[in-house]
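I am attaching a structure below and will ask some questions about it afterwards.
Order of writing sets the chain letters: A, B, C, D and E. Residues in each chain are counted from 1.
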Amino acid sequence: MGIYLIRRLFGAVLVMLAVATLVFFMLRIVPGDPIAAMLADAGGPEEVAILKQKMGLDQPLVVQYFKWISNMFQGDLGSSIYGSRQPVTQILLEALPRTMSLAFISFVIALVIGIPAGIISAMRRNTPTDTAVSMFAFLGLSMPDFWLGILLIIVFAANLQWLPAIGYVPMSEGLWAWFSHLILPSIAVGTAFSAIIARMIRSSLLEVLRADYMRTAASKGLPVKALMLNHAFPNAMIPVITVIGIAFALLISGAVVVENVFAIKGLGRVLINGILNRDYPVVQGAVLVVSAFFVFSNLLVDVLYGVIDPRIRLS
Amino acid sequence: MTLLQIENLAIDLTRGAQTHRLVSDASWQLDAGQTLAVVGESGSGKSLTALAVMGLLADELTPAAGHILFDGKDLLTATDDELRQLRGPQIAMVFQEPMTSLNPVKTIGYQLTEGMRHHLGFSAKQAKARALDLLEQVGISDAKRRLKQYPHHFSGGMRQRVMIAIALACKPRLILADEPTTALDVTIQAQILSLLSRLCSEQGVGLVLITHNLGIVARHARRVVVMYAGSVVEAADARQLYRAPKHPYTHGLLSSVPRMDTRKGSKLLPIQGAPPDPFDVLRGCRFNPRCQHATDKCLTDKPLIDHMAVHAVACWNQLDTPLDHTLNRPISNNASGETRNP
Amino acid sequence: MQTEATLETPVHRQRENRLRATLAKDRKAQFGVVVLGLFIVAAIVAPWIAPNDPNEMTLDMMNPISAAHPFGTDDLGRDLLSRIIFGTRISLFIGFSTVIIALIIGVTLGIAAGYYGGRLDFIIMRYIDLQWAFPNFIIAVYLVAVFGTGLFNIIAAISLAFIDDFARVTRSMTLSIREEQYVDAARTMGFSNIRIMFGHVLPNAMAPIIVQATVSVSYAILAEASLSFLGLGVDADTPTWGLILADGRGFISQAWWLGVFPGLAIMLVVLSINFIGDWLRDALDVRQAI
Amino acid sequence: MTQEPLLQIQNLHVRFPVRAGLLQRTVAEVKAVNGVSFVVNKGEAFGIVGESGCGKTTIARAVLRLVDATEGSILYNGDDVTAVKGQQLATFRKKVQAIFQDPFSSLNPRKTTKDIIGEPLRVHRLVNGNDVNNRIKDLLELCELPARFAELYPHEMSGGQRQRVGIARALAMEPEMIVCDEAVSALDVSIQAQIINLLERLRKELSLTYIFIGHDLSVVRHLCNRVAVMYLGRVMETAGADSIFKNPGHPYTSALLDAVPNPDPEDEAGRHIEPLQGEVPSPSNPPQGCVFHTRCPQVMDKCCQSVPPLENINPNHAAACWLNEA
Amino acid sequence: MSKDNDEQINIESAWKDAHDFDPKDPLFGLTRDEMSGTDLSRRATLRLLAAGGALTFAHLIPGSGATRLAQAADAGGTLNCGWAGVGEIVTLDPAQINQVLQFQITSNVYSGLMHINADLVAQGDLAESWEVSDDGKIYTFKLREGVTFHNGDAFTADDVLYTFDRSKDPEQSIHSKVIANVANLEKLNDHEVRFTLNKPQASFLPKALERASGRAMTIVSKGGIEALGLAQYGLTPIGTGPFKVTEHQLGQGVVLEKFEDYFDSERPLLDKIIIKPIDGPEPLAAAIQAGDISYIGGNPVPAQLVERFQSNPDLTVDIKPAPGFQSVWINPWREYMQVSDFNKPVEELKKEKGFMVRLALAKALDRELFVKQALFGNGVPAYGTINPAMGYYYDEKIGESSEQAFDPDGAKALMASAGYPDGEGFPELELITTPSQKRYGLVLANIYKQVLGITVNVVPKEFSVGIEDFNKNDYDLRLGGSGGDYDPDDGLVDWMITDSKFNGPTRDKAKHPFGFFSEAEVDAVIAEESVTAEPEARKALVQKANAITSNKVACGFLYHPVDVQVYHNSVNFPDESRIPGLHDFDRVSIKT
């Protein structure tokens, strides 16, 4: 298990390195050179030349690359080119807890809704309950998250005034303040996620219930509860966990959009603002962190996978 | 003493509004401590019958008629709870696919002991002790370490040994073995089957051996039931059945198998055609399209079987010519094969 | 000639028309086919069925639903129904075109990787793994950042983002189909690799690819809507659903129709496609997550 | 039966690398076929038997050029075909065809019988375009299928019918030799006999040469003139079909024979069987010496150290066992 | 009715009085005593405003000023504010501030030497008292003692010098032009400084030294800048104002807390102010309706929300004319609308194709329609930089006299003579707007399509991006303008002279000698008006400059905005703090 973990961790780091490389070169190799465009904002040709020299952009691409990478390893992702020229690392460090909070609550909401829904609909296959869950899942998958966010604001914040409309409050200002600001955006992000989980659990559970080993277990005369708890669920969770990894992508993408609806300056909003402001150091940094978030949550999923499935554990 | 008696069992498959009868008129019986073989090709209904005994038919399958009497009690009318009480301590089953029949995420030890803990009220320690004993009985060495391992550490043959141990765990009176060695190599098959039949006879457990392999039947069973297209067509003592099959199907089956002791160059005499699709509606004897002895009656009337008979046959035109195995053809002049081959 | 085989059972055409048969039973799929069909028709004949010019401004700003404006008007007095009808064009065009592009590239990569194996597979798989390290939508966002906005760039960005999904599905199908004996048979017959890949492997790998494509169309439509919503979309005044929503965002509590109808349009199309995808998954017997 | 060798396999090795890690380095090798030699004469049916993992299917695939030989040679009509390419390979492919085990998997489910049989005819221009349909009809007839089957998809046919289509497809190439890889083992007993009879008839009528791979000794015995028994990538014994099963020259062959029950209760009642113990070792790490020594009831010290050569114990009967040395 | 009449009479007399001085008098008809002191009298301020041209009738209406007493104030509490139309408060460093919504915040954090009150009366802020020389060129300030910065440093004359040096340097500050008239600043002792001006300047006290809109003499902390570094200082600056910044995360907002050691012990009243940037009208409306925020600052309240807020009984809505203008900037360096020399007389320019197009683009602006459609009626058509809030200088007739008055047929004819009848052959233009002004752009595009038959594509860009394009002369059309224009100089000097700060500062000077506009006569007239004290004369000069820029189409002038203040009824916002365009919270409290 230890070696497996280390190997996977090593793999994840390699992937991240490759991602960083890709992120670096894509901006510089595409026609139009957005970096040059960004510098051109600094003024006339002389100023650009001076700035290029100052930023080392007159050096060969490979030299720039290694400098960038080595800076990155020292936690230096450059500075925003805009406003007070904050270091990108600082901007991202401020944004990260917001996105993590949003992701966490969304995740919890998704699991709390998705898992029971999936189980119930598998156990009551082809009943009205099953149909209802399946309709919920379809709607959840089909509703654009930002639209759901807007509808939630209109209903729960503007009209009913139950919850705050927008913004983020750090946990230090009170658990409820933090949580109440996250409820609506988390529902907006988590709904699609919970729909996927519900569907996955349902189909996975149905498949497991058809498996030969379930018949073996039944042939031992075990009660239904034992069959479900000890035999069906652990196996049904294996594909679900894989899907949770996939759905994490959805969650992050959802956060990017929904943060913009709810004016939460998390990674997504940093990324989008960076793009809109042509703040490329920020964009690069945000993309890196988002994919790191994703890669390492997938790693977590893999490890979890190993915990649940002994076949993976020792291979 | 009759341990298990199946009477006119019928099993229906319901798909939407449609119902298909997959098994009809399955009847046979087994005495305590005996071994019975149920033979048939795929789709003959032999496995479904076994699952019906266990009460483990899939949702869309329902026993539609007949009785399954275990110790005189009809299992088809028993409650789920009563059935659960029987499964394990009374009846156990060994399945065909050793690779998929064990739960991949549970240790062998867990899967072996859970039945004992549930039915026999064993403590973890007692259960583990018996598990070690069982593994040794089925010929798995290093049992202590093996208990902690998962199914994927085991080869197919080993898994089937584990399955046998699981079946024996609660000391059942009957084991249903459904094609227990089909997925295994011949040498392993021989190990497993002799192990199974030895343990059953040692412990006085009745064994129903379900198989398509006529050789296995010949080696391990005293009495044989032949099934075709969902019905029992013939039931007899093994020697009698192999020497002088009365049903044309059994006859054809035995003539189709290449044997190690036939004269080189002899010809196989296959049954023509293929078994009917379970979804087809056929009147009369279900074997009639393939039968060379079919008469008009066979097309309209279904032959019934007297399953209490020593040699029971469901056929309007029973044969009574013994087979000559060395030639792989009937002893007397049955010309069916010769005329067809130029 | 009387042969043994002729006496075998009559053949069954049970899988024949399986699509139609399952469709007949699947009410959700029927709904999906009809609704998607209506949207496609609407997209094609938009200029003839839209009651107004979608960009024509009037001083009837934020007028509620009326006979003249069945979906009301927006903040610039434009007819919302007409804008949504024209928006169908962009949404569906982007949805389908991106998936077709991604499918062609992804399937080619996947089938080559799976069929040839070895180093080629290794290289393609590393590329796919790399792309896998980004959520699709983030890839699209980043590509838009790099290439800039505009219809062509959006299509390029979304297509690129979906390549790995198709490559993955195709590769795994190819790997299993490669083990099928009819592929061995085809090789024994001396057929060319191209012929085997595209004549034998691909047709049998199509079921999950079709399902993947269906799902991807819905994702692409959502992705376009999200990009437009974020201001990274096609351009400022082309009516696309995401943009209509983004523009209407400032007015929805005075004019709820601005927030409801474009969102409903997105949801209906995506829902229909999901229904269709589910039906295809069943009908084509594809076992696959999500 | 003529006795000129059509196919000669000499010291054939097939190893599959097991790759792992980032750089895909080879960390181990599966020795699927480990120095096998035999000869197949023109017009005969040569059987290869053994349990799963013994390498029999790999030999078939190597002969069909579906896997590459790692070492050794395969001479067809005297020419080494292990490395031929292009036109030479195409010529060879025409002469050697295959019938596969699984009637479900061996036919492309998206194609009708007509397409399946017609494709090689068209691609290799074996007949004129106009005659393709006639030729298909002829081939179907040869395999005892009526012409209407040309229009059917595989899933519309039963297993036996599908296997006949597979045979017709192989015959379309007008081969000299057919490799039958477990060609009947997936079929029900009653159908199996039909196909066996068909194969026998075709061999006679078309003067074909068969390599018949199987695990069912009685089927192999029934169909084949000569048989090789394999274990863990090596040939243990080879001889005429009658003599090998009547007078086995290798303990493994004996064990196999013991394990196979005869469908005759009287016969079985008289047999005392001691089943072979243990399981087949991993082909990536085969035992030293005789590969069978870990399970052999008559194992000797020598067996653990050196590999016994395949030597004639009779004319036409060779076995690889130190017991025969004595 | 009679009351209204009385009021009318009072206003007229006040107006007269304010303007009743000899224009050649360097002290603007005030005595040295009136000009000096601890604060200016209302009369003096009005006169200075009048002299500076910033006097409006709004200033004269009784009740709009501090005449009403503040209600009994409750101390303590937290005020939640939403800053409208912005995603993040990018900087709070006065030297870098280029948006009104930023100095609205810093006005609460820093002090200046002077600060205007609700009547735009300049009062001493850190200046305790001052004296003016007879020639109006030398100002001697006595600085408040015992003032400390938020970091505990004592405030002395050195800080004034430090701030002055920093602001004077164009490398460090974007406001160097504000104090360009200062010839010299010397420290007399720790609490006395002396400014020497090049020439008398009416707006010196109320504008140049003003802490909010002036920005140049907003006193920054040398110790703070050195300790924090520029980037951090821009986020959490240190000043001497009533509130200190305790927290500032970009996008998250700014937290201000009461500065206990503020020099006026009675202020501030609030303990804490939380300022959240809120982008988008709907979240803004939702936030104030839900009570998440109870005060709106920042960018102008979105026009479509005004009516909705007015109908909400929980909210107080206060509308005043806003000083500013918005216009369509037309790049004179684009081939199809090129004007390389604005110095030619209008009649001659009108013969050039480029100018024809330019004029057509301005003439085609249906401003009435625009205000109705884009602003929901909340705005006034504009034809120049001089806005109605400036009152006196505003030319009400300009809408009829200007060359660029709306005239669809004339615009069409011009396009036709330029060779583009009905817009045929004319290229598609890009109109850069900010994302929040996108719909304004769409309305404009529609007007151009309807009137001229040309296609204008709206390209929304973030302010930071669009302004760079503008500064580089890389645009076709841009929608933008100015705010906080209390004095004609704000519009004219900042925007219309050749070396104005917005006139293509980063352009390629070799290719483009000027940015969007350059006219010698305008430069001369503006130079003259900005030092002319006599109101009539200045008014004439201002209107002349305004007319030339309008006729020669410095840009297509579009509209003047209105200032809308919105807050929850629980907020006690005393009238004395209601400074148009500012949100000073030092006297604000929360009703209990």
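Note that contacts are C-beta pairs under 8 Å (C-beta built on N, C-alpha and C of every residue); 3 or more make two chains touch, one makes a residue touch a chain.
None of these values were measured; they are calculated from a predicted model.
Counting C-beta pairs in contact, the pair that comes out ahead of the other among C-E and A-E is A-E. In this assembly, the chain whose C-alpha centre lies farthest from subunit D is E. Mean C-alpha positions place subunit A and subunit D at a centre distance of 53 Å. Separating the centre of subunit C from that of subunit D, both taken as means of CA atoms, is a distance of 47 Å. Inter-chain centre distance (subunit D to subunit E, centres taken as mean C-alpha positions): 93 Å. Within subunit C, contacts with two or more other chains are made by residues 4-5, 8-9, 12, 231, 249, 252-253. Of all residues in subunit D, those touching 2 or more other chains are 158, 160-161, 194, listed in ascending order.
Among the residues of subunit A, those in touch with two or more other chains are 150, 154, 158, 276. For subunit B in complex with subunit D, the touching residues are 41-42, 155, 157-158, 185-191, 194, 212-221, 238-239, 242-243, 252-262, 264, 267-272, 274-275, 325, 341. Residue ranges on subunit D touching subunit C, taken from their complex, read 24, 61, 64-66, 89-90, 93-94, 96-98, 100-102, 105-110, 119-120, 123-124, 141, 143-146, 152-153, 155-158, 160-161, 164, 166, 169, 173, 194. Across the complex, subunit D is touched by residues 1, 3-6, 8-9, 11-16, 119, 122, 180-182, 184-191, 195, 199-200, 203-204 of subunit C. Those residues of subunit A whose C-beta lies close enough to touch subunit E in the complex are 40-45, 47, 79, 82-87, 91, 94-95, 98, 150, 153-154, 157-158, 161, 163-168, 262-263, 265, 269-270, 273, 276-278. Put simply, subunit B touches subunit A in their complex at residues 54, 56, 58, 83-89, 92-93, 95, 97, 100-106, 111, 114-115, 118-119, 150, 152, 163, 166, 169-170.
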